[in-house]
């Protein structure tokens, strides 16, 4: 691959407020196996950021690294001026980051209600207003709150997973391929929900293979390949970049 | 519901579940044989009563000891072969306490701490029992639970935690290593002889038509303790956040971690609850049968496995129900087959149920 | 019907054959199930004064039989054991002592650590002819044997005269009872003597012993330290070491004894490899092994082909007598052939029971003794045996086997 | 089980011959796969309800439908992973309902999985060598008996040759010695498809082969599929990406709540009111 | 891992060289200990024979288990059950007919030993089938529990009085119950040499041994020859399993271990493969059991406790599951160090520090340590209890291995499941060689697609 890496930090368009997440020179991987090399990334308050890239590029790994789920090998992750590198997931959640993993993301044997309660496990009590907010955003969840999550359809499960991550009203939500495997109508609905959440003030960092749609909707995008930064720009700009289209978006 | 419908349902059942049908048939056959025996006076009702009672007691011990195993099995995802030796360790710690409290000043302290190793002091001579030395017994019970908690936390910390992410088989093999080390360490310290631990407990007879079933105070203690603990654990897991977190972890551990459930803390809680129950079970096992040897837990372990699997891994009701089935099978089977096959019969029942219902009687009902 | 109250159709008497290991549990279960109205008879395997204490019951309805010493030697041995270990000797300890003592004496008489030489001397020092020595005079006996004198060792367990099969030629049986929970000994009620056809013993024997001084005598002790019989084996090993210590403390005729202890783990296979280790070490005679299930393979596999003398202190099964042993296999415990008969007689005449069940440990000791008892009891004493029920070692509850044994006869 | 035993015994030589020649599927049957009244319930949920359709020879047919419509379940029923409650599956004129998966695969109906399942501790070459049917060495005695084993070795050499051709075709020959567990997501998809092809199938069932696949790679995979179709293979493809279905399939079947809602050309489907309501939403 | 791999690679003779080297070191160590213990030459030879015996049986068992676990992923912890059935059925067939008055309580059918051995293997395989048919559907850990339960059922059955003796073809036969069986058939070595007409020659050879062992050399020679035969059988197992593994059959087993559904959907009748593999392994375990016990004179059911199964597992894990070389090495190391080692270690200490009285219990051992800081009694008690501690050590070794070397002593070994080398170079060679014949066939590789970059 070409090596015309655009330094991620330099060209950050200042679209939103304060810097929320700041990843610098991150090296990470699994066990001794390094996947990410020298990755930089920023998310600002209320911003909607998308990561795209080929399979195995390390997109999910980056998400997991932010969330303290990989072996840290170098670099820093800062969240709201605080260094969160190497913290455990439950501590990071406490700081206001929510994460929806790629697949297998509901507790199949628990009811919808219990799944949501688990989302607020670190609090002493279930926050009623947050629960109401989630139910308001995803009415289907309130309808089905006694149902075992495992018996819900794929799309409903995806919403439940998102609802659970919203229970702590995070200021940053990490979404790993929220539309994967969804039928077209649900894909649209899902993207709409994400827009809504973002508009309500939550910053989004999302990985998507449905790259065109994702880049169309987001504020800013990153292209990751081979565990390294490749490009970053506003979503539309990336979408229109000939090189990016050719190499990563299937023309 | 019409007759035709009943018939067709029955037919469908027969076609779908031939195994279950055969089982039911065998069950009816055995029951018939028993009834004939009772009717002709060949089998005494009181004998059957005694066997049932014995089976119930065994079942309670197995069920109580099975809860801890079932919890670690479902939440930590491996079959812990060291569980039997946790039972023994709990029993030794608790009984050392009981001996010391009951025998202080009457016997050499070393002999008491070693639970009368080498026949140096007898539980019977010290008059140990729920009626004779109730405080010593209760203290022993508590120490057994506490010690086993500490032991299992320590073992987890040193041995299981570093390989937590490995697959269940790796952990299983490791637990076999733990079992060996623990068991023979206990033999090294406490010696290999079996000792009697209690005085004859007072008993009373319940009269049936042609005789009586004897029930003693230790049986009743077992019923009370086992029943209370089972209820307590049930409430704990149903009513508290911890219980839900455990079920969540049993369901999907990775997801639990990213949801912010402090998984290591939950694991510790599992060991605390499971270990406590295990230690108490070990103590009660010895109180009930009245003897203690370094091999006790291990010899019980396979039956516990049978019970847990039979009941459905992760289900507390399942562990109890499985325990009762296994206990009753081991006890009652002598009505039909030679006593040498009693244990074998329990295993056969387990295998048969696994084949008919591979996920156990109470499957799909995690931790409750 | 039988169980509580013993009325109905249950047997009047019960024979329990086993070891304390599982006997404790078994009797506990028995006493919690029955009011103790049956007369119970147990053989030597359960002669452990600690039983009532361990069971938590006086066991007043239990009578025992056991191979007994004819004279005061048992007492002498008991004293030795008590002095050495500050504990009462357990089952088969006197036989263990005798076994090692005989091996040392024969070795001293033979003057070399050689199995074939040793076997020639066994009967010479054990059977009548020559001065008599008992355990308390053991050191003198060794000295005499080393001098080439003919001696007649009188053992702690019996007169230790060997018949042509290497079994004790005569046996005395004690009838004993437990002394309650606070005691750790048993009380002998009566002693019955049984003499074989040739109570003085018979069989091939050397005419003289070369003897010899200032040498090291080598002897093996092959008993269970672990496994099912670990708890029986431990005191046996202690007893077996007493004659070794006696010699090493006194150094008669400049002799020392090197005793090598190996563990059978109560398993034929482990026992055989342990025996092979003794063979490798060049041991000419071995005290062991304990149970017949181990003794038979060990003898066949290690002792007989390698020409090592085996002298078991506790293997009582009939099959040991029948081994093609080239005269290398001896024992100081009498064959159950005798004890079965004694038990039948005691059950019938002393305990006056005519209907009996047996409960026996599921190995050849239990099985053969139970069979022998049942045969004699039915054929010679007109008794009736309701059930012969086997039980396995290591169960956590024996209620169901007891239930079976105490029930009315089938049909 | 006995059925396959005897079956494989008799056609062993036949299929050995087939391995030598490069395969071209049997084109004599017009509709190789026919599904009739298929039904499957799980407890209270009816996952597949009276599904009926047939697939034309040498086509690329799309199977679409909302999440939970029963597509994967239908695949499982067709390939024997699940037993239907009702209905029949006919393949090349033969009733294969309820047969074991391996028996069905041996008839030439092979599937891939929705989530690529690699044999991670085996190299790419081992993965590929596994696939061909009726290998002589799969009989234990042939593999160990001296002398007879030479036949096995000989066939192994032949197989390896074919494996290599297919690897080159899919352009994954450069990673032939790599462990499958070390491959990237896309390479796994390629390997899975290549492996399925090596079983000499007449028809391939692909369950969301492009889900999570990067668009560039997706394009290359589709090129391969079209090439193979031109060689006469038949494909049934589950996919949610409507653009992909519209551009590549000749025929589309829409499943909804376990039933066939409608079927037809992509254009028909696109304009079908019911489909728009049930599946496409306002998207098209 | 590379360090160990290199070790094997640098070893002359590769894996075989490694095995031979390990054996030589082991034997040398034992000879040295024997010297320390003052063994005579006879004693030394005897020790070597016994050591070889255990190395042989554990290596065989580990190899058979490797077929189950290493190749097929079947978690069998009922090994003793198959050994027991092998031995008992063999005894049933080959014991001489019952004669009253002998040491044996029951007889057998009196068939030649070889028939008994085959019958034993077949019976073990059939038991394997009975277990496998239902249990192969279960998860690995359930299969484990079913197999261990089965082995206990087998043990209880042989223990029971009901099978103690029965009539078969007019013979009084049986399994002896708790008393066990006396194995009074012809000495296996004699049977072997007689069948090839070399018995006389063998006796001559034994006589010649008197030069080294002056008196009664036969048991020593017998032991050594038997050990040698066992090693030959280890070689045969190794050969058989290597061929099994390096074949399309082995390839399917490997695939089953990784993902059964995949193998199934590729048209492999996985159940049949699993059953075959399971039965073959069981037969091999039965044979190993026969070899272990047939010269032991007698067999009792309680030998077949689950503990022996775990010994075999430890042996396999020491060597590394999945590797035949590892299985043999694991068997040898286990037998020499963990199984037999402590015995010799203890004897060595007894020789170095003779005539010390070990306390009889833990209490007496720690008492002095606490009261007047005298560690000696505890030390002697520890040495004296080596047999119990041996099992503690085995447990700790197992834990250590699972933590630090789960892939075994040899490290991770890749053994290619194929009859031919599966390398790109080899493949390219055959492809071009063969390409000439298939010119006309439409090779798919002709159909070009655009060169895309790889996605790694």
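Note that the chains take the letters A, B, C, D and E in the order they are written out, and that residue 1 is the start of every chain.
What we mean here is this: contacts are C-beta pairs under 8 Å (C-beta built on N, C-alpha and C of every residue); 3 or more make two chains touch, one makes a residue touch a chain.
Model, not experiment: these values are computed from the prediction.
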Shortest hop count from subunit C to subunit D along touching chains? 2
Common contacts of subunit A and subunit E, by label, are B, D
So what's the Cα centroid distance for subunit A and subunit B, whole Å? 46
Please compute the C-alpha centroid of subunit A, do the same for subunit C, then give the distance between them in whole Å. 78
Between the Cα centroids of subunit B and subunit C the separation in whole angstrom comes to 38
Subunit D touches at least 2 other chains through residues 184-186, 214, 216-217
Please set out, as single numbers or ranges, the residues of subunit B touching at least two other chains. 118, 187, 191-192, 340, 343
Going by the contact rule already set, what residues in subunit C reach two or more other chains? 226, 234, 362, 390, 392
In their shared complex, at which residues does subunit E touch subunit C? 34, 37, 39-40, 42-44, 46-47, 49-50, 54, 101-105, 156, 159-161, 164, 177-180, 182-183, 215-216, 218-219, 222-223, 292-293, 295-300, 302-303, 340, 343-344, 347, 350, 354-355, 360, 387-388
Using the touch definition up top, name the residues of subunit C that touch subunit B in the complex. 1-5, 7-8, 20-22, 24-25, 28-29, 31-33, 50, 52-57, 87, 181-182, 184, 226, 230-231, 234, 362, 389-392, 394-397, 399-401, 403-404, 407-408, 410-411
Which positions of subunit C touch subunit E when the two form their complex? 85, 225-226, 228, 234, 238, 248, 258, 260, 262-263, 265-269, 272-274, 276-277, 279-282, 292-293, 296-301, 305-307, 317, 319-320, 322-324, 361-364, 366-368, 388, 390, 392
Touching residues of subunit D toward subunit E in the complex: what are they? 1, 4-5, 21-22, 79, 81, 100-103, 105-106, 110-111, 113, 117-123, 125-126, 129-131, 133, 135-140, 143-144, 149, 152-153, 156-158, 160-161, 163-169, 171, 173-177, 184-187, 195-196, 199, 214, 216-217, 220, 223-224, 227-228, 231
As the complex stands, subunit E meets subunit B at residues 75, 134-135, 137-138, 140-142, 144-146, 148-150, 152-153, 156-157, 159-162, 310, 313, 317, 360-363, 367, 382, 385, 388-392, 394-399, 402-403, 406
